[in-house]
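Letters A, B, C and D mark the chains in the order given here, with residues in each chain numbered from 1 onward.
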Amino acid sequence: MDQTAFQVKRVREPELHTTHRFAGRDGQGPSIRYVREDERVLYDALVGGDPSISFERSGPRERIAFAPEQSTAAILTSGGLCPGLNAVISSVFMSLYHHYGVKRILGIPNGYAGLMQPYSRNIKPLIRDEMKKIARTGGSVLGSARLKPDVRAIVDTIQAYGIDMLFCIGGDGTQRGAHAIHEELSRRGLPVSVVGVPKTIDNDIGFVQKTFGFDTAVEIARQAIAAANTEAECAINGIGLVRLMGRDSGFITACASIASADVNYCLVPEVHFTLDGEHGLLAVLERRLATRHHAVIAVAEGAGQDLIDSGTVRYDKTGNKLASDIGRYLRDRINAHFKENHHEVNLKYSDPSYIIRAAPANASDQILCTALGHGAVHAAMAGRTDMIVGSWNGQFTHVPIPLAVQGRKLIEPEGDLWRTVLETTGQPPLVPPQEALA
Amino acid sequence: MDQTAFQVKRVREPELHTTHRFAGRDGQGPSIRYVREDERVLYDALVGGDPSISFERSGPRERIAFAPEQSTAAILTSGGLCPGLNAVISSVFMSLYHHYGVKRILGIPNGYAGLMQPYSRNIKPLIRDEMKKIARTGGSVLGSARLKPDVRAIVDTIQAYGIDMLFCIGGDGTQRGAHAIHEELSRRGLPVSVVGVPKTIDNDIGFVQKTFGFDTAVEIARQAIAAANTEAECAINGIGLVRLMGRDSGFITACASIASADVNYCLVPEVHFTLDGEHGLLAVLERRLATRHHAVIAVAEGAGQDLIDSGTVRYDKTGNKLASDIGRYLRDRINAHFKENHHEVNLKYSDPSYIIRAAPANASDQILCTALGHGAVHAAMAGRTDMIVGSWNGQFTHVPIPLAVQGRKLIEPEGDLWRTVLETTGQPPLVPPQEALA
Amino acid sequence: MDQTAFQVKRVREPELHTTHRFAGRDGQGPSIRYVREDERVLYDALVGGDPSISFERSGPRERIAFAPEQSTAAILTSGGLCPGLNAVISSVFMSLYHHYGVKRILGIPNGYAGLMQPYSRNIKPLIRDEMKKIARTGGSVLGSARLKPDVRAIVDTIQAYGIDMLFCIGGDGTQRGAHAIHEELSRRGLPVSVVGVPKTIDNDIGFVQKTFGFDTAVEIARQAIAAANTEAECAINGIGLVRLMGRDSGFITACASIASADVNYCLVPEVHFTLDGEHGLLAVLERRLATRHHAVIAVAEGAGQDLIDSGTVRYDKTGNKLASDIGRYLRDRINAHFKENHHEVNLKYSDPSYIIRAAPANASDQILCTALGHGAVHAAMAGRTDMIVGSWNGQFTHVPIPLAVQGRKLIEPEGDLWRTVLETTGQPPLVPPQEALA
Amino acid sequence: MDQTAFQVKRVREPELHTTHRFAGRDGQGPSIRYVREDERVLYDALVGGDPSISFERSGPRERIAFAPEQSTAAILTSGGLCPGLNAVISSVFMSLYHHYGVKRILGIPNGYAGLMQPYSRNIKPLIRDEMKKIARTGGSVLGSARLKPDVRAIVDTIQAYGIDMLFCIGGDGTQRGAHAIHEELSRRGLPVSVVGVPKTIDNDIGFVQKTFGFDTAVEIARQAIAAANTEAECAINGIGLVRLMGRDSGFITACASIASADVNYCLVPEVHFTLDGEHGLLAVLERRLATRHHAVIAVAEGAGQDLIDSGTVRYDKTGNKLASDIGRYLRDRINAHFKENHHEVNLKYSDPSYIIRAAPANASDQILCTALGHGAVHAAMAGRTDMIVGSWNGQFTHVPIPLAVQGRKLIEPEGDLWRTVLETTGQPPLVPPQEALA
């Protein structure tokens, strides 16, 4: 890795004295310390790691780049719902409004669509009392949408509204859009700060240890697993099969499997498994049912894609590859297998995805959303751009968007998390031995 | 700080090949890597920190010190209840039983009392099916107690039962006891591994970034705050006053205040505040009620102890200093203040402590409990002793007990957490200006 | 009983054709049937009961008394918080606004205070979009208060605002106030409909089988009891003591005891118990601890008042007698008893009242609130006054206020509910045998 | 209706003095009154109803038919899961064991399968401590199954085990089985009491006002609707479509629609609706989206079956007609409709059925389960057979099985419940006007 990829861009040098109320010894508040411009967080916290790779640390600076009373900020949310969106919106608003004194803060409706015709006519100033009320609700008051952003039209709108700071809350598609907007802004010489708050319920954005909404998602996922386990235990040869979110990364499925303590087979995109053969899931399941009479399977939507011979690859509107439906595929294959063998099984299939996405943030996500929102404002006020606020080794950080989107974060099949999954489920490799040793 | 304080003791050298099922390429499981004996986690993950101070990393080793089939393990929980105790017990049991193959695992009833007369007659082998069922329940199936351990009597019992590994789940009092037991064992030349899992709902144990139960505690605390806010908003000059746990450290109160977004004044032991005078809480509250007509106060039980002129200091059975009741004191002072000034206020006081302590672990605590339990077993099997399992900079670690108990972890008044509290509540310093600047 | 007491007053005869959208075959909606003016619900549904005693049935009438587009309605909430207040407010509003077409609907702040100086200046029209949002929230957007209403001043305000229908959501104190307002209105010859929705979290209003908020209260109360049980089970001779609401009637305590299945002693105002002597609670508790080692006690705030020798009787602002604190009294007596006898007990005392009151309504309460709100509007539109909407034998009813407030509903010590409590707890009489047989 | 259909059969006359601990003045307990054998509950509680139709009242009798210490009882659960099964099992057990003194109580595994080969070898005595622990858990510890009972084989097993009282917890299929078993027992002259506790999450069993599990189902269903509403509000022309349980009766869907206050269109089997044409759902939905931009639809699984041209009728193992999938049908038709018209809509479809079925009972269901379990035992001990325990007009009742299963309980399209649905959703008739008026 190269430290230059970790350098955060500045749209404008921070030359004004900060107006942040809760840092510094200005006689109006308690004395919280500023983050110095050279404070950095090590990428690798293990002894022996490369000390030259590090992230810029997040937090309020002594010097800011925008004069609050003359600045306009705008906030948008984009992509699928995720617990905590409103908490982040509220936190960004409150920090701009109360901590720095920015009074003109616009709400962009329906993601990037709201910066384009015809939706841009719905751009409206956000109201303080409304922003207070939404902090703990599910969904996004700004609405969301998935579409390919028209960068030129968007920058036209940014110019038309005189926006100085744009906060983009969304996934890697959204952040790629934010980067493209930043580039178009640079091309036009417009000093607009574009700061992202990474939103991925799958927790799969690169160089960010934990994203908001993930904890809440795991909490609700384990409730669905508990229901599946109850159904499985109460039926003759009951099988509970729960499909969870996770197109590329199985973090929700892995963590919910550990948290539930009921899962027998946890299937994620990062770890290959087979259905057929002596070591495949079907045979393993059959042997388990013979002795334990029930089983619970949690499967991430992106797991086992190689098993499904679909021929065609489908994409959603923003170009994300759509996963073939492994949940229904497994359901049908398991049912067919036992029918062939004249064994009665009672398989119950469930997919709690929409209930998970729309939930309000739990307490720890709420805290994370609050801190990320404040961090995004601190960064924008200090003139940063083309970056997202992340967390790493216990600190909040600034991550350049090109670095964050260069690849998804994946479960390491040899790492601690997957080992804890195996220790909790007790599941075998589900592949032939030679492959397990490979 | 001195690196020698970070060195973990070994009761016996790990010379046997591991029997851990889920690590290593033994053909029976997938290939998860062992933690090498020299892997360490930096104490300071900021650039410029001292790279010579580091923790031993937790995890399964290639060599273990005890032959599982000939070993006896024992588990106890001590001190007040905390969400996740049963999850840790279950996790320690499962790891010993399933991952390593230790079959003789004893449950010690009621903490250290259970290793002394007359309770020791209730020591019983733990049953696998029972251990499976408890994983997600509140409380502790082993029961708990607070008392001063009689170290000699305890070690007599350890000898009598042939215990090789003792797992002590408890707070700093419990860990001090574990250390004393370790010393007595050493004195007698007994190769018994004493490994602790730190339990402090207050999250205040040193050199451990996050303890189990804390997340759950904050979740429930914010529900109590939400109720207090509703009561305050619906009454004429309503004041909601919620007392939360935290004798020395205000982490629960601080985090619940951020998570609720409703708290106006967050009071913790680490940050001094006054009641009287122009900048004291009473005057500040009066000014707030004049314009906003309601207020919510969250106070940690150990906050503002200097304000209470009690004259006598009280201790609980294990020698912990008991906090004078700041909750009722504040309630009475606020009511008296407004009565004197002939202002109607409606103060509602609540203390949700017992509901919090007895709750089952939420999903993220369950994951933490699972990992800590496994980590404790890995450590004991590898011959470690006189240590607890902790977490630091995103890794699980081994922390010598003398290091962990040398002082409590406190909120840094100049740090990120307290700044986020101030940013969220918007509260003023509550002390005269000269003191705020000191 | 006398049927005349069951007759509902009319402030004006219903002579206009209804504007209710969802009843009748008017071509605009489906054909739901009107309630005929002579439909009545039997007071006693047992065979052999007096068929001459019956309630007027609630529901939309074919003829109404007020022309919606020329009418003004007003809503207030009074007394302590209760789950479902906002649901009732929202339901009354929606029925007036959407079902009948009343567009001028006022919100009265802080109960009867809001109809008096200086609070009456805060009377404001309610907004449809706001009313939609509050339906499922806790507390009351109108605020509440406890005070003695100044009936003349209130009727002056009613006249000044031209209010035609006044909806009073509150307990028996509130309904007594509503009756007094009705009488003053009659005296002045003002045709104003005064309709109440009974609010008593204790479920103790007469001639109403179930009041809103009660189900939710029991749900949360049993969570508190579950926590107390966990604390009790995990301590040496642990005793969980939970104080619940119920000044005159122990319905919450009785139902929560059945629902929790953990309570060993359920103490309510309606059933006498003793502390001392061989059959008193202290001796019974001692015998239980000797064999079972833990116990859970649920006590209603109004239970055992005769045991507390307080000398003075205290009242709250509205003249309700305040209960002496039986919870703390029991705690102290139990602790003292076992200390005297040198037995270690660990008693944990909790009082979840404020968390219960501020909770949002659960689903069944939400349905009840919705129906009661609609029923109150149907009654007022049909010209009824001086009445509350109740439920009886599976139907919604009209109950004259003087009937409803003539005495509190109590648990029958010989009835089904108390028998189910005894069957669930297994508790003995807690009085000397001769008294139990009396 | 004919009163003879309401007469409950007795397998044996109650001639022994009761051993019930909590009724009667026997000096061992408080004096709760017995239910006299002639106490009855009116079928119609409205004035003018037929007073000659009534139910036998449930409760403990002064005379019982079985000598507890010489009797054997057995409990089974059959059909799909429902919240509260374990609560009923526990309640039946506790009442037999503690209240009457029956000590031989068998658990029948997997419904009627457990009374047949090969499952009958798994019949086991139930253990008191286990029964205590399950009271508040989801699922059924006895397991369940759907199959056609082999009545002769079952009665052979009943004879072989010497079962005197058989408690059958299940839906109308189960109760039909219980009736057939009763008839075979009569044929053989065996004095075995067969008493059912009706289990139908759909609340659709005849002559029973409310069945256990229903309240809990509505609670969780409204959470799913709330999520669907959030998804709908946050998308461009978002449509939330939630499929709920209810093959013949739409009670869950109707009640959840009222309880959520978010549903715009509630579709149930009892009320006809159309998709096409000016007044059909598609056109109505289009008009709503044009002004309000989002919509929420709740549909019962048995609604709109006439719309689906499937040609074949499918049945499950117990002969229940399987509903064609109206949820997916609506999803596809709505998507196709708007695609044709080139309108963007974002429809999110969810089906929370399995999460609902496996949930533990909420507090009010727990109370209901407790009372029903006790009532079933009182009935069996008093020698009743071929009956279920129900609730009617605020009392618990005995309902002969042939009466209960003669037809399903349905929503009355002209009744209070459906009117409240219409008042809450504001939905139009969704059929051409002439049909609405029919």
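General observations
As a working rule, contacts are C-beta pairs under 8 Å (C-beta built on N, C-alpha and C of every residue); 3 or more make two chains touch, one makes a residue touch a chain.
Predicted, not measured: the structure shown is a model, and the values here were computed from it.
Least step count on the touch graph, chain A to chain C: 2. Per-chain Cα centroids separate chain B from chain C by 41 Å. Between the Cα centres of chain C and chain D there is a gap of 29 Å. Measuring from the averaged C-alpha position of chain B to that of chain D gives a distance of 45 Å. Counting only residues that touch two or more partner chains, chain C has 226. This structure has the following touching chain pairs: A-B, A-D, B-C, C-D.
Across the interface of their complex, chain C is touched by residues 81, 110, 113, 138-140, 143-145, 223-224, 226-228, 230-231, 233-236, 348-350, 352, 354-355, 357-359 of chain B.
Chain A makes touch with chain B in their complex at residues 22-23, 25, 27, 29-33, 39-42, 45-49, 51, 54, 57, 59-60, 87, 90, 94-95, 98-99, 132, 135-136, 209, 215, 218-219, 221-222, 226, 255-256, 258-261, 271, 362-364, 366-367, 370-371, 374, 392-396, 413-416, 418-420, 422-424, 426, 428-429, 433, 436-437.
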